[in-house]
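The structure is given below, and queries will be raised subsequently.
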Amino acid sequence: MSEAITREIDRSQMRISDEVAIEIHKMNKWYGTFHVLRDIDLTVHRGERIVIAGPSGSGKSTLIRCINRLEEHQSGRIVVDGVELTSDIKNIDKVRSEVGMVFQHFNLFPHLTVLENCTLAPIWVRKVPRKQAEATAMKYLEKVKIPEQADKYPGQLSGGQQQRVAIARSLCMQPRIMLFDEPTSALDPEMIKEVLDTMIELAEEGMTMICVTHEMGFAQAVANRVIFMDQGQIVEQNSPREFFNNPKSERTKLFLSQILGH
Amino acid sequence: MSEAITREIDRSQMRISDEVAIEIHKMNKWYGTFHVLRDIDLTVHRGERIVIAGPSGSGKSTLIRCINRLEEHQSGRIVVDGVELTSDIKNIDKVRSEVGMVFQHFNLFPHLTVLENCTLAPIWVRKVPRKQAEATAMKYLEKVKIPEQADKYPGQLSGGQQQRVAIARSLCMQPRIMLFDEPTSALDPEMIKEVLDTMIELAEEGMTMICVTHEMGFAQAVANRVIFMDQGQIVEQNSPREFFNNPKSERTKLFLSQILGH
Amino acid sequence: DTLADVKARGELNCGVNTGLAGFAAPDANGNWTGFDVAICKAVAAAVLGDPSKVKYVPTTGQTRFTALSSGEVDVLARNSTWTFSRDTDLRLDFVGVNYYDGQGFMVRKDLGVTSAKELEGATICIQTGTTTELNLADYFRANNMNYQPVNIDSNAEGEQQYMAGACDAYTTDASGLAATRAAFADPENHIILPEIISKEPLGPAVRHGDSNWGDIVRWTLYALIAAEEYGITSKNIEELAKSSQNPEVQRLLGTTDNLGAMIGLDAEWAKRAILASGNYGEIFAANIGEQTPIGLARGLNAQWTQGGLMYAMPFR
Amino acid sequence: MSETHAQTVAFVRDTMLAPEPPPVAESGAVKWLRENLFSGPVNTVLTLLGVAIIWFLVSHFWDWFAHSVWNASSLNECRQIIIETWGEGARGACFAVIRERWNQYMFGFYPSALYWRPTMAFGLMFVALAPVLFSESLKIRRTVLVVTAVVTLWAMVQLNAPGAWLVFAAIVLVGGLAISERHVSWLLIFSVLYPLLGVWFLWGGSLWGPIMVLVGPLLGWAAWTLVGRFSALLATVAAIVVTLLWWLMFASRAAADAEGLLSLAIPFVRSDQFGGFLLAITIGVAGIALSLPLGIILALARRSDMFLIKSMAVIFIEFIRGVPLIALLFVASLLLNYFLPPSTNFDIILRVIIMVTLFSAAYMAEVIRGGLAALPRGQYEAADALGLDYWKAQRLIVLPQALKISIPGIVSTFIGMFKDTTLVTFVGLYEPLKSMSDAVRANIAWKGIYWEPFIFVGFIFFIICFGMSRYSMYLERRLRRDHR
Amino acid sequence: MADVSAPAEPPFRLSMLIYDRRYRSMTFQVIVFILVMAAAWWLVNNTIRNLAVLGKDFNFGFLFQRAGYDIPQTPIPYTSDDTHLRATIVGLLNTLIVSILGCIAATVLGVAVGVARLSNNWLFARLMTVFVEAFRNMPLLLWILIIYAIFTEILPPPNAYRGEDATASMIFFDNVALTNRYTAIPTLAMTNDPGSLDLGARITFNWATIAFVVVLVGGWFVRRAILAWAQRVQDATGLRPRTWVMNLAVMTVPSLFLIFWFGLHLEAPELRGFNFTGGINVQNGLVALWLALTLYTAAFIAEIVRAGILAVSKGQTEAAFALGLRPRRTMKLVILPQALRVIIPPLISQYLNLTKNSSLAIAVGYMDLRGTLGGTTLNQTGRELEAIVLMMAIYWALSMIISAGMNIFNARVKLKER
C-alpha cells in the first residue's frame, strides 16, 4: 500500500536528540513456561521513530505492551523517561501518563462521546478542568481532522475515523512517547490512508514513536530505524533504506520477500 | 486494479439484441421522507452489460434492488422481461426467477453445502428433480471452477470462492438477467481477480448484466455502457471509452479523479 | 346422569387424599388402601360389581371440590368435613358420615400443658386450607386467647415442624393426631389434649343435583354400617344370604325384596358392597382400628347400639 | 545527526537464542499457590474463608453421611442399625428408603412388569435427538449413542423386557448408531416419528392410534399435491382442513376399526399410574416437544410486520410470562373445566402438559426470537432474491439457522421447565420431590423420614440438569467458534 | 420497445386479496383475528354455560365476606374477622415484602458471587462455582423445603432459652433470638412518641416513621446536590472535592437528631410463656423463603453479572490502563457503565422470576397472595374462577410494572451505533 503515503517527509527537519527516551536492557518475559521475549536490548532516543516488524507471534505486541506495563516483564530492566518500571504503582502511573498507546482495535469507550473519550483521562488522571480538557481535545480532534464528530458516539463513526479518535485520545494526555500496535491492520483499505496521514503528521512534529506495523511504505517514509523481530528476539535493526534494500539476515530476507511479494 | 483483467474481450462476438430486457420509467423511491431515487429512466437491452458507478450513498444499490423488488418503488414503472413489477405476488415471483442477484457479502446459506446452496432454489422454486438440479449445479460450479468444493460448507471456503459459489447459485436458476452489487468489494485483493474472471466469462456468453462496481478495469473491459449516479439520479451515461477518457459532467470528473488517483 | 356414566365407563372415579395414613394412601405398587378407599371400593362393587373398578384421583385440599363439581370424580371420599356452606354454597351433597371426628391438639408431655385453655400465646401448627384453620381461629377468639399460627402445607411438614419443636402444639383432626403420634419414635412423650374444639363429621360427597346417584352412595354407606349392626361380615355373608331369617338382613342382602331396583341397581348390590372390604366395623378395624399402628378407638364411631353415633337408616 | 544515528545502532543477530525456562519464582507449585490463593491480603482472607466454609460443611454433615444405612425395611429398623453400629446418640442417614422405594421414585405406580417400556422410550429418545442435538460432532454422537444403547439394553434385560422388544430396541439403537455415522439427517425421520412412538410406549394401547394420527398429515399432503396444481394457497388450506378433519372426525373411528381387524395393542397404562421421575420427564419432554413448534410460530408472529398478528403474539407472550406457573397449573386443574364445553373431562396430566406447554412456549418464543434476530439480513434477502416465498424461506433458510443458534437457550428453557415440573405437586400429581415423598411417608414404615428423599431427588435433578447445562455450554462455545 | 406510459392503477379485483402484497397481509390478519376471536368467544361461552350448569355465578362479592382465618405475619392489622379482601391485601403485601427483600439481597449476593467467580483466587472461585451450579440445577421448591427444614432442625426452640441452664443464648447483646419458629428481633420504642397518622382502615403510620422517611428522602436529594456541586468544582478546577464526609453527614446527622428527639431505643424481645414477646418475631417461613429465593436467584444473577463483565472486552480495560486510569476508576468509569447495559435487562427478568417464584411460599406456610387469595380464600369460598382470575391479574400487573421500568431504563442507556 505504498501508494497510501502521499508525501515524502523531509527527514532533515526531524530532530533526534541524544536524550534517551526508552531504555530496555536484557529484558525477558515468559507466558507460563513459554519464553516470549528473550534478552531484548533496545535504546530509543527522544524524537526517534521506530518501526517494529516481524512474523505473527514473534512478540512485537508483547514488547510494546511491556513498555507501558500492560504486561509485566520478569527479568531485565525497562526505563522509560528515566523512570524504571517495577511493580511500584507510582512509577507505573508516571510512565503511563508519559506514554500514549494506540491499539489495533481502537478500544474506544463506546458509552462515551468522542469528546468524552478524549477528556476522560485528562480530567480524572491529570485533574485538568473540564473546559480546558475540552479545548485540548478539540485541538487534537482538529489535528486528526474530525472536530465535527466530537459529539457522536464511536459506534457512529467509520473505522478510520475511530482510529483517528483513538490517536487523539492518546494525544490529549500529551504524552512524550507514542506506541502504536498495528494501528491500520483492522481497517478497510480506503481508511488506512487517513490514519497513516495522521501518524506521519505526528512524526513530522518530532514525537517519539514506536510502531508495530506492516505498512512498509510508512516504514520507509518515516522510520529512523526498523527493528525486525522473530521468536521473541530482535533479529535485525537498521535504517529503513538498508533494511529494505539490503537485509542482512536470512529471516529478514524471507520475511521481506513474503511481505513485498504480496 | 486493472491488472485483474486478464483478457481483452472481443466485443464483436457479443450480441446485443433489440429486445428490451429491463425498462425503467420515471421511477422514484423514498425512504421515509428521504428521496433516494429520483426520476430514473433506464432501458436495458438483452445482452447488454451495464456498469453503474457513483459515490457512496448515491442510490446504486437501491436501484438494482428495486429491479428484483427487494425494495418497493413508489412511483413510476419497472418492467422486467415484459412483466411489470407491482405488488402482485405472481409478477414478483416471475421477475425474481428471471433475475439473478449477487450480493456484496455473498449471503450464502452457511448451513447448506455448496451443492445444496445451488440446488435449493431450482428444487423448491422451479420444482426441478433433485438429480437434474444437481447436474445443473455441477455444470455451473465447473463454470466458476470450483466443482471440487461441492460438498464443502461455505464457511470452509475463501472469500473469492464463496463469491463464485454465489454466482453459480444465481446461475442455477438460469436467469436471463444478472445483477451484481459490488461483488468484489468485500474481497481481499488476491481474490478479486478470480471473481472478475468469472464475471467476464459470463459477459462473453452474452448474459444481460447490471453491475454496481468500482472496478474500473472491469468496466472498461466488458461494459457496453457505464452509468454514473449521484444523489439518486443518473448523471451521466456513456460508453466506457467515452466515460473514462472524456467525462462530460463535473461530478463525473471529480469522481474519476478520486477513484483512479487512489 | 352419573350412574349411567359410571356404568358406561365401567369405572368409578373416586376422589381421595394424595396420602393420609390409614385413610387413603397408595402403596409402593400404586394400590390404594385406607378407610376412605374402602368406601370407593364398596360403591364400585355395588354399581359395577367389581371393587377394583375404581380410578383413584388424588386431590389436594385445593382441588378436591372442584374435581367433584367439574365431574372429574363421581364420589369424593377424602376426609372432608360436612359443613353448611360446603353443602349449599359449594353445591355439593354430603351423603352421610363415615367418621365422626373432631379437632384436637397434640403437645409434648414435658411442656406441662394439660388443657387447650393453657395454650395462651402458643405457636400452633396447622394445615392451610382446611376447616381446622377456621375452627382454630374461632376457638381462640371465643376463649379470648392469642396464638401464633404456623401454616403448613402437608401433614408430613406438620409432623416435621412439631417434632423439631417449631410449634408447641399440632392441631388437626383427632384421628390424624393419633396416626401421627403412632409413628413417632417416642409416642409416650406426646399427649393429645382432652379438648375437642370442633365437630368434624367426615363423609363422602357427591355433586348436587343428581339425587339418584346420591342415594346410591348414601345407601352403600348405610349398607356397610347396617351390616355391622346385623352382624353381617365378609366371612359369613354368603351363609347369611342363604340362611338368615332376619327380614332386615334378607332385604339388605337382596334375598327378599329387590331394593336395588329402586336405585337402579340389581338385588345383590349391597352384598357386593359389603364383600368388597367387609362391613363398617371390619373396615375400621383393618385400616385405623386399635390393632393397626394408627390405633383409633371406636369412640363416637361405634354403633348406636354400643353408645356411638353410627346409625344406619332402616332398609325398608 | 539523525541519519548517522540510525547507522550506529545497526544490529544483526547471528545466533538465535534458545528458549529458557522461567525463573524458579515464576513457575511450579509455589507460584501457583502465590498467584491463585495468596496473591494479596484480600485473597488470603478469601482463601481462609473458603477453607472455613468447607470445614464447616464437612464437619457438620460428614458423620451423618458416613453413617448411612442402605439396607433396612423401615425407619425404625434404620434407627436401630445406626444405634447398634455406631452407638447411642449417633446420627446417620437412612438411605434404605431409596433402595426400598427406588422403583416408585423412578416409575411412580407404573405396572412393574412394564417398567421396560418407559426405559426403552427413554433410550430411544436419544436416537431421536441425535440429529437435532448432537449433529455437531460425530464423536459426541457416537459416545452418546453407544452409552445409550448399552445402558438401555442392560436396563431392559434387568427389567425383564420380552425378547421381541429387546430385539426391537437393539435394532433401533444399533441401527440409529450405524445411520448416525454417515447420514445423521436420515434419523430426522425417526425424530418425527418418535413422539408418536414414545406416546405409544408410555401409555400403551393400540398402535393404530398413532398410525391413524400419522395418516392425517399424509392425507393432508395428498390433498396438497392434488390441489397444488391449481393454487398454492388453496392447497395449503386444503391440506390443513383435510388433516384436521381426519384427526377430529375419522382418526379415532378408523383406529378402532383397524384394531378390530388386526390387533396391534400392548397393555394400556393410565396416566394416574405415572409418577416420580417418569412423570417429571414425561411432562418435561412433552412440554418441550410441543412448545418448540408453538414457540416458533409465536416468535415468527412477534417478528411479523403485520400489526394484528404481532400484537396478539405480544399479548399472549407477555401475559404468560407475567404470571407464575403455579397459577397456570391451577388453571389447568381448577379452571380448564370451565373453559371447555360442559362435561368434557380429560386427563389431568394432559391438562398440565397443555399449561406447561403454553408456559414454556412463551419463553421459547423469546429465545427463538433472539435466534431470528441474530441472523443477518442478507440471508433473508438472498432467499427473496432466489424467489423463495415466505414459508419456504423460513423453513429452508431461516429456521434451520435460527434454531441452531438458539439451542443453548432452548436447553436452558428446558432445564427451567424440568425443574418446574416439581410444581405439579400442588395439583395432586405424584412428582418425585414432594408428592412422592409424602406418599412414601404416608406409609407407617417410613413415616418421619425427611432429608433422605430430598437429597436423593435433588441429586438426580442435579445430574440431569447439570449434564444438560454443560452440554449447552459446550454447544455455545462451539457455535461461537463456527460463527466467528 | 415496450410502451411505457404513465402507470394506471389496476382496478381492484377479488383475487388481489390473495395475490397482491398490499391486501394479502390484511386478508391474512383478518382471518387469523377472526379465528382467535372465535376461539376466545368459544371459551367465554363455555364458561358461561358451565357456570349455569353448576348454578354458580361470576361474582366478586365473596371478597367482602368474613375471612375467618388467621395469618401468621400481617404487615397491616388483620384478624380473622376481617374480610377476604383485606386478607388478599395482606397476602399481596407479604408477596411484595418477600419479593423486594429477595431482589435486594439476591442482587447484592449475586453481584458478589459473580465477581468472586472471576477472582483469581482459585479456591474461592471454585467454591462459588459449586454454589452457582448447585442452585441453578436443582428445583427451587427443593431449596425452599431444605432451607426451611434446616431452620427447624438446627435452630433451638424458644424454650431452650429458658431458665438457668438454657442451652441457647441470644445474640447481638441479648437483642436477637434465633429460634426454629422465628427470629425474634427488637422493636423500636420511643420515649417521646409523637403519635400516629391514621389513614383509615386501621392502617396507621407513626409520625416518627414519616419523619425518618422525609429525612432519608431529603438526604438523598441533598446528596445529589452535593454530587452535582462536586462535579462543578471538578469541571472548573480539575480537582474533585472529597464528598464522602458530607454525604455521610447528610444522612446521619438528622437521623441521630431524630433518634435523640424521639428517644428512640431498642426493646429487646423477652421469653414469656411459650414464645418471645415484646419484639418482632420474623417467621421462619418468611426468612427461609427469602433466603431460598435469594440464594436461588443470586446464582442466576451471578452468571449474568459474570457474563456482563466478561462482555466488556479486555481491550477496554487495557485502553483505560494505558491512559493511566487506576483499576478502581477504570471499573467505575469504563467497565461498569458498559457492563450494566448488558446486565440490567436479564437482571430485571430475574426480578420478575423471583416475584413469580415467591408464589411457592405456601410450601413453608408463608401466607402470600397465593396463600391467601389463591389458597385459603379460594378454598373456603369455593370461588376458584374469580380467585384465580384475580390472582393472575395481580401477578400480571406486578410483572408489567417491573418490565415497564426495565424498558424505560433500556431506552435510556442504549448504545448509539451506526
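In this document, chain identifiers A, B, C, D and E correspond to the written order of the chains, with residue numbering beginning at 1 in each.
Following the convention adopted for this analysis, contacts are C-beta pairs under 8 Å (C-beta built on N, C-alpha and C of every residue); 3 or more make two chains touch, one makes a residue touch a chain.
Here the structure is a predicted model, which is why all the values come from computation and not from measurement.
Each step here moves to a touching chain, and the least such steps from chain D to chain E number 1.
Once CA atoms are averaged chain by chain and compared with the all-protein CA average, the nearest chain turns out to be D. Note: the chain lying farthest from chain D is A, by mean C-alpha position.
Between the two copies, chain A and chain B, the Cα superposition rotates by 160°, quoted to the nearest 5. In this assembly, C is the chain whose CA centroid lies farthest from the centroid of chain B. Each chain gets one centre point, the mean of its Cα atoms, and the points for chain B and chain C are 84 Å apart. Averaging Cα coordinates per chain places chain A and chain E 50 Å apart.
Chain A and chain C have centres, each the mean of its CA atoms, that are 88 Å apart. Chain centres here are Cα averages; for chain B and chain E they lie 57 Å apart. Each of residues 62, 66, 160 in chain C touches at least two other chains. Residues of chain D in contact with two or more other chains: 330, 334, 337-338, 426, 434, 450.
Within the complex formed with chain D, the chain C residues making contact are 18-21, 25-30, 55-60, 62-63, 66-67, 70-72, 154-156, 159-160, 163, 180, 182-185, 293-294. Interface of chain E with chain A (complex): residues 234-240, 313, 315-316, 318-326, 329, 333-334, 337-338, 341, 415-418.
Residues 1-2, 4, 7, 10, 16, 19-22, 24 of chain E are the ones that touch chain B when the two sit in their complex. Here chain B touches chain D in the complex through residues 68, 70, 93, 96-97, 99-101, 103, 105-111, 120-121, 124-125, 155, 169-170, 173, going by the rule given at the top. Residues of chain A that touch chain D in their complex: 11-12, 14-16, 28, 30, 32-35, 38-39, 43, 45, 47-48, 74-75, 224-225, 230-239, 242, 248-249.
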